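Listed after this line are the structures, all set down as structure tokens.
First subunit A sits with subunit B, and in the next complex the same chain sits with subunit C.
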Partner chain A sequence: MKYTLKKLATLIVSLLITSVLTFTAFQIIPGDSALNALGMDATKEQLERYREEMGLNKSLPVRYINWLKGALKGDFGYSTQYQMQMKVSTLIKNRLTVTFWLAVMSFLLIVVISIPLGIFAAGKKNGIPDSFITLITQIFMSVPPFFLGMLITLIFGIILKWFTPGSYINPGENFGQFLRFMIFPAIAVAVPKIAMTVKFLRSSLLREMELDYVRTAKSKGMTKARILIRHILKNALIPVITFLAMMLADILAGAILVEQVFNLPGLGRLLVSSISNRDYAVVQAIILYIVSVVIIINFIVDLIYQWIDPRVKRD
Partner chain B sequence: MTNYETLLSVENLSVGVSDKRKINTVIDNISFEVKKGEIIGIVGESGSGKTMTALSVIGLLPPSVKILSGKVNFHGKNLLTIEDKEFRRLRGSEISMVFQDSMTSFNPLLTIGAQVEEMLRLHSKYEKEEYKALTIEALAEVGLSKPQEIYQKYPHQLSGGMRQRAMIAMAMITRPKLVIADEPTTALDVTTQSKILGLLKKMNEKHGTSIILISHDLRVIQSICDRAIVMKDGKIVEAGPTQELFSDPENEYTKKLLAAIPVPFSKNSIMSKDIQNEIFIRNLERNENTLKKDIPDPAEQKNRQDDILMIKNLNVFYSENGKRLLGKRSRKQVIHNMTFSVKQGETLGIVGESGSGKSTLAKAIVGLNKEIEGIININDGATEGLVSFLSKPQMVFQDPYGSLNPTKKIGWILEEPLKLQTKLKKKERLAKVNEIIREVGLSTEHLKRYPSQLSGGQRQRVAIAAALIVNPKLVILDEPVSSLDVTIQAQILRLLKDLQKKYNLTYVFISHDLNVIFQICDRVCVVYQGEIVEMKEAKELFFCPDHEYTKELLKSAMLISKNCCHI
Partner chain C sequence: MLKMKPAKVLLLIFVFTLALYGCSGKKEDTNKSKTPANENSSFTEPTEATESEPTYGGSITVGITQDLDGLDPHKALSAGTKEVLFNIFEGLVKFDPDGNLVPAVAESYQISEDGMVYTFTLRENVKFHDGRLVTADDVVYSIKRSAGMLEPQDPTVIVESALSVISDVIATGERTVEIRLKQAETELLPYLTCSIVPKDYEGLNTKPIGTGPFKFVSYTPLQSIVMEKNEEYYLKGVPYLDRVTFKISSNTDAAFMELQAGNIDILPYITDSQASSLPKGYHLESGPMNLIQGLFINNKVAPFDNKLVRQALCYAIDRQAVIDMVAGGRGNVIGTNMYPGFKKYYDESLVNVYPYNPEKAKELLNEAGYPNGFKFTIIVPSNYQYHVDTAQVIVEQLKQVGITAQIQLIEWSSWKSDVYQGRNYETTLVGLAAELAPRKALSRFCSDANNNFMNYINPEFDALYKQGELETEEEKKIQLYKKMQAMLTNDAVAVFIQDPHQMTAVNDKLGGYTYYPIYVQDMARVYYKK
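After this line comes the complex of A and B, so read on.
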């Protein structure tokens, strides 16, 4: 309990610090947001009025507090690239749905495929199946996801016609259709990460197999498979969990290239277009989101550790 | 003993490691028998093949090690030829094993109860509640108090002794016919050691279990074994009943092993009665003196000036970070109010069990621990900054594997302290390195090697050289021989004595092993839970200890070595 509270305190403090950093970073960037919003033709009076309206002429701490207050309520103001007609929060919310489901599906694929595969490879260490898996993972690890996306589009979209390339369906329209379409980008995101996880889990398992407690388990007369599942797996998963969490955070931050290939309205593409349009309110919100995701996932990993590893608690 | 029937017979067993087409034999044609209900000891130094022998009996040899020839008959079945499935059934139910390091030999993520119970589940069929009841019973049988609580605990929450008891409970819960105990007490304190050995003996008598006890420590073997086998370089050099074997050894190697056992005051043991009387009289005199209000005599005052290290009312603390929310540091006192001094040229022994604060004290003396209260006065000329040629106190650590940088050559390791602490030129430094390496009994050839290319004893010599190269007056030795084989131990102790004479060094010698302490120390200081409970001349402490704790320590040390005292 103490451990959880301590981690929770760390979580809150780090979230606050990152919000300060995110906010101040954008104050340092050159450029005038009033000028940016109103255009080069705006008169001095117009600019002044805009600054007054938006609270831009207040002091830095006050502006930070106002921004944070809004951010906590999910209000990041309006997006300039949509001529102040679109709320940043709605914009992000729509895009986030796509990124979220992409992350969920690809993460499920990673876990469901790589863990059994890693165990299988380690169990048959240096055998033919293991060498085969090692070779395949080696290849897939080096293929960039967007290229894989193109291959998937070619094979499943154009040749097999399992889906229509580029015909993204809005989840609000037809959720089933949406998920069906999303499977293919999810595969493109997941495959290289599956390869990495298999390799990582395999080596972690092999390292654990050398340890004394495995010899003890053998001396009890257990079968190899039973030792692997009951004793080794949990120990070997400890480093893998961190690895998986980092991947999840990575996917949640948006997969720009894959979104581009499959023409998905995801977070990554929004970030790119916002940066090129100097839409700072959106960029700021996305950065805050990405940082928070990483911190929160780390918090969850800490909680998982406490749950599986009794040594972490230390009462 | 001869009436017992044979349980296990090993016939002409040879085992080898295949290494790039070459086969290195690690066990060379050995044969021995284990009878029902006997405890047989296998003794030898590291690399003698004793563990490999055990692993081949239970079928757990690492994949790189192959059986070359021979038979291992257990109950009339040749274990080397039976099927895997059959062997697995035997493992745990008929033959089980107790390992050396109980911390790493348990799975850290499962409770002790789950791991002990697992053994039972694998080899018998009971109801769920019965499993638990039997496991708790087994934990109670090995002398663990509150077995219900222990059942729920994780390995890291128990002490080494408790874990080793749990391991014995695990090995014995299925009532196997043979238990192989591989260095079961090596990682433990002496008092715990003798308790664990006593437990093994008790289990052997109660259940008639045969035990193969493997140890590098002759004293352990002597304490409970009926018969013993001495191994060297994969061969059996001598075997026989323990009593005969060790009172009248025939083989040269056995003799050498026996001679290497640190025996307190072995040369004087015949005169021990006289010494005892002498000390007794001296004590009487001193008591009278103290009654006479102890007038400081001039000789004693002169001694005080020779004190190279003076410690007064020393308290050492240890802070733990962030136990509570938002990290209120909690402070633990490790050393309570210690006062002692060490004279020039003297060896002061500090003895105590692990956790008693010995190492903390050493670190405080050399300045590695800053959280201290009290006075540490080092009067070796170095701290005053007058004689730059002398150095601050140096330290030699226990683990010569861990304390030498594995990526640097020995020459570099020895030169480094000179670079840091002196302004000598490259040539002068090299000359000193060449001199010191010969001083510790190695050759300049060794300077070009990496630590991993040296043996444990050689590495410890390097560690000593690295400490001495900067000309310290005071050297703190923290368990310098604890991880070494007995014969090597004796060599290192001799080296330390020679160097002390030659350079007029002062040692603070820390050890948990009373026998080593008695071999080298002039005075001994017994530390218990951070306090000095007794401090005396070594001989006096040995023959008439005052404090209960010292007596207990001596008793356990002697219990183990009771047989070697009459050699």
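After this line comes the complex of A and C, so read on.
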């Protein structure tokens, strides 16, 4: 309990610090949101009136506190890139559905494919299958997901016509079609990460194999497979879980480039357009979301550690 | 707490940088709407396109690469939004493809002799999309709203400054509206294209209601806006299509991919390389963009405060070569700051004032005291690849006369605040989009103009401009405008390069796609061929 509370306090403090940082960061980035909202030829009086109305001419701390008051109630204000006609919370909520499903699908792919593959590779250390897997992972690790996305679009979309590029369908309209389309961006996101996870898991397993308890187990006459699954895997998995968790956080934070390539209306696309439009309210909210995701996932990972390896708790 | 691996951090930073760098593709903004105004007091009905036989019905998808910045026509700012909303909303008058003003909600108008009062008679039986008749009160409300005359004023309404000359708008009958002015104004009519909306209607943001040929159906941010045929449109025979979907893509490449997959029927603003790799079943249409692309110079900073240096730049740049290299020859050389779409006002002869002549440029530089050339910076907004390419060609050309130019890329938002508003630059390469009235092309050169970002100061020009503002006689006005244009060219206030062409990929089954001298995507004329 004490442990959980401590983690919770860290969460809140981290959120506060990031919100202050992003708020200040936008003061340093050049560009004027009033000018963006009213157009290049707006007169000084119009700009002034707009700033007054939107509270942009108040001092930084005052604006921050005003924003914080709203944010605590779940009100992040209105988006300036949509001429103050759209609530930030609604915008983000709708985008999240896409990002959420993309994350779930690609994460499933990563776990389901990389863990068996990693164990297999470690089991056949330095054999032909292992060298082959290592070679393939090296290649896929270095391919950026957006490029993979383009290749997938070209091969499966335009040449083989397995899906129509850009024909994203709302999950509300037809969920099956939605998943069918999302599988392709999910593959683009997952493949480089699968490669990384395989490599990581393999080396983690091999490291464990050198340790004394493995020799003990071997001398007791256990089979190689049994040692691998029952003893080594448990220990080797801990760093891999950390790694997987960071991947999940990364995907949940929006696969920015892949969303661009597949034309998905996800969080990443919203973030990019909000930054270039100096839409402070939206960027602020998205960054808070990303930070929360990273912190909360860390928190969950810590809990999982305890479950897998109760020694962690005692520290 | 978990630690991020340094490699992971680097990867994230890399991905993020790339994202910020590569994905800001916005065509908009410089391309505010624009148009040749035309002061015909008698209206003509729009002429029908008569290429091949049109059929009724069907639906199409049009690709756009920028999300709408709102559905309320008085709040939308970007040209990309206005060109879509053109199908839903109309003003008292609207533009036709030749740049003439034709009747829309109004049937006719009269201007009083002293030019102080405009009286409009509304068309009978024009209905909003919800079935309600348009009344004079709606018109009064709409014009006052666009002019910022409503109390309390909504600060998010983009006030059209040209309407500030209006002192009052009065409904004098059920179908007549009188617009009274503070001073005589002959270039007001183009601005009365501002959208007529239902009075005190609160839902413009979410469910826009207008009088145009298409009715709003739905809008999903970052995805699409859908509209359907307005069966009760007052013009008989249009529109042809039942349904039009504007699909929002993240960038031109993604949109073009969808076109290759057959998802998009019409894709405007494609690039030169896309134009040369159109898939089967599509053809290319092109027309002038009405954009003044130029190397704009800060006339206040050394060495550009010296007219000879500016003229040397003009001689040193081969504009036709620029067009050939950047746009495959698709563009027209221009010589002054006037949109060629305003045919009456545009002085074409000024193109020949500065022919490409590097020798002459060197001479002028010598005379100005820079026999060995000099160094300067060209600021270019990074999201406009076209301008970046142009700048690169110019840098090479300037090397021939010993001038070293370097390109500095800057984010569009920063360009607006630092270069355009802050005037903190030496030279910048962008395009200035045409405005609704020709005078707007010249007003920015007045010494005290808010948007005189080139810092051009010439009392003679100011005097001419004043004269032109008050001149009511058309012929004299044209003469004055041409004089001003010549003055700008002779003073070499900037290197005016070209009016680029815009290219659109159109499905071969479709006909009737029409270019306007303003930024619109008019779907009312598009049809499936028989």
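By definition in this document, the second predicted complex is superposed on the first by the 242 of 315 C-alpha atoms of A that agree within 3 Å, B and C clash if a C-alpha of one lies under 4 Å from a C-alpha of the other, contacts with A are read in each partner's own complex, and residues count from 1 in each chain.
In the analysis below, a contact is a pair of C-beta atoms (placed from the backbone, for glycine too) under 8 Å apart; a residue touches a chain by one contact, two chains touch by 3 or more.
Because the structure is a prediction, the values reported are computed rather than measured.
Peer 1: So, A:91: does it touch subunit B (first), subunit C (second), both, or neither?
Peer 2: A:91 sits against subunit C, while subunit B stays out of touch.
Peer 1: Contact-wise, after the overlay, does A:24 reach subunit B, subunit C, both or neither (first, second, both, neither)?
Peer 2: So A:24 meets neither subunit B nor subunit C here.
Peer 1: Contacts for A:219 in the overlay, against subunit B (first) and subunit C (second): which applies, first, second, both or neither?
Peer 2: A:219 sits against subunit B, while subunit C stays out of touch.
Peer 1: Touch check for A:311: first (subunit B), second (subunit C), both, or neither?
Peer 2: Touch partner of A:311: subunit B, not subunit C.
Peer 1: Report for A:301: first if it touches subunit B alone, second if subunit C alone, otherwise both or neither.
Peer 2: So A:301 only meets subunit C here.
Peer 1: Comparing subunit B against subunit C, which has contacts with more of the residues in subunit A?
Peer 2: Comparing subunit B with subunit C, the partner touching more subunit A residues is C.
Peer 1: So, A:131: does it touch subunit B (first), subunit C (second), both, or neither?
Peer 2: After superposing on A, A:131 lies clear of both subunit B and subunit C.
Peer 1: Quick one: which bits of subunit A touch subunit C in the complex? Just the residue numbers, please.
Peer 2: The touching residues are 10, 30-32, 35-41, 43-44, 46, 49-50, 52-54, 81-86, 91, 94-95, 144, 146, 153, 157-158, 161, 164-168, 170, 242, 245-246, 250, 256-257, 259-263, 265, 268-270, 272-273, 275-278, 298, 301.
Peer 1: Along subunit A, where are the residues that touch subunit B in the complex?
Peer 2: 2, 5-6, 9, 211-213, 215-223, 230-231, 234-235, 308-311
Peer 1: Give the list of subunit C residues in touch with subunit A in this complex.
Peer 2: Residue list for subunit C touching subunit A: 1-2, 4, 8, 12, 15-16, 18-20, 22-24, 26, 29, 32, 67-72, 75-77, 153, 155-156, 158-159, 161, 205-206, 220-223, 247, 249-251, 254-255, 257-258, 260-263, 383, 411-414, 416-418, 420-421, 450-451.
Peer 1: Provide the residue numbers of subunit B that touch subunit A in the complex, in ascending order.
Peer 2: Where subunit B meets subunit A, its residues are 58, 60, 88-93, 96-97, 99, 101, 104-110, 118-119, 122-123, 154, 156-157, 170, 322-327.
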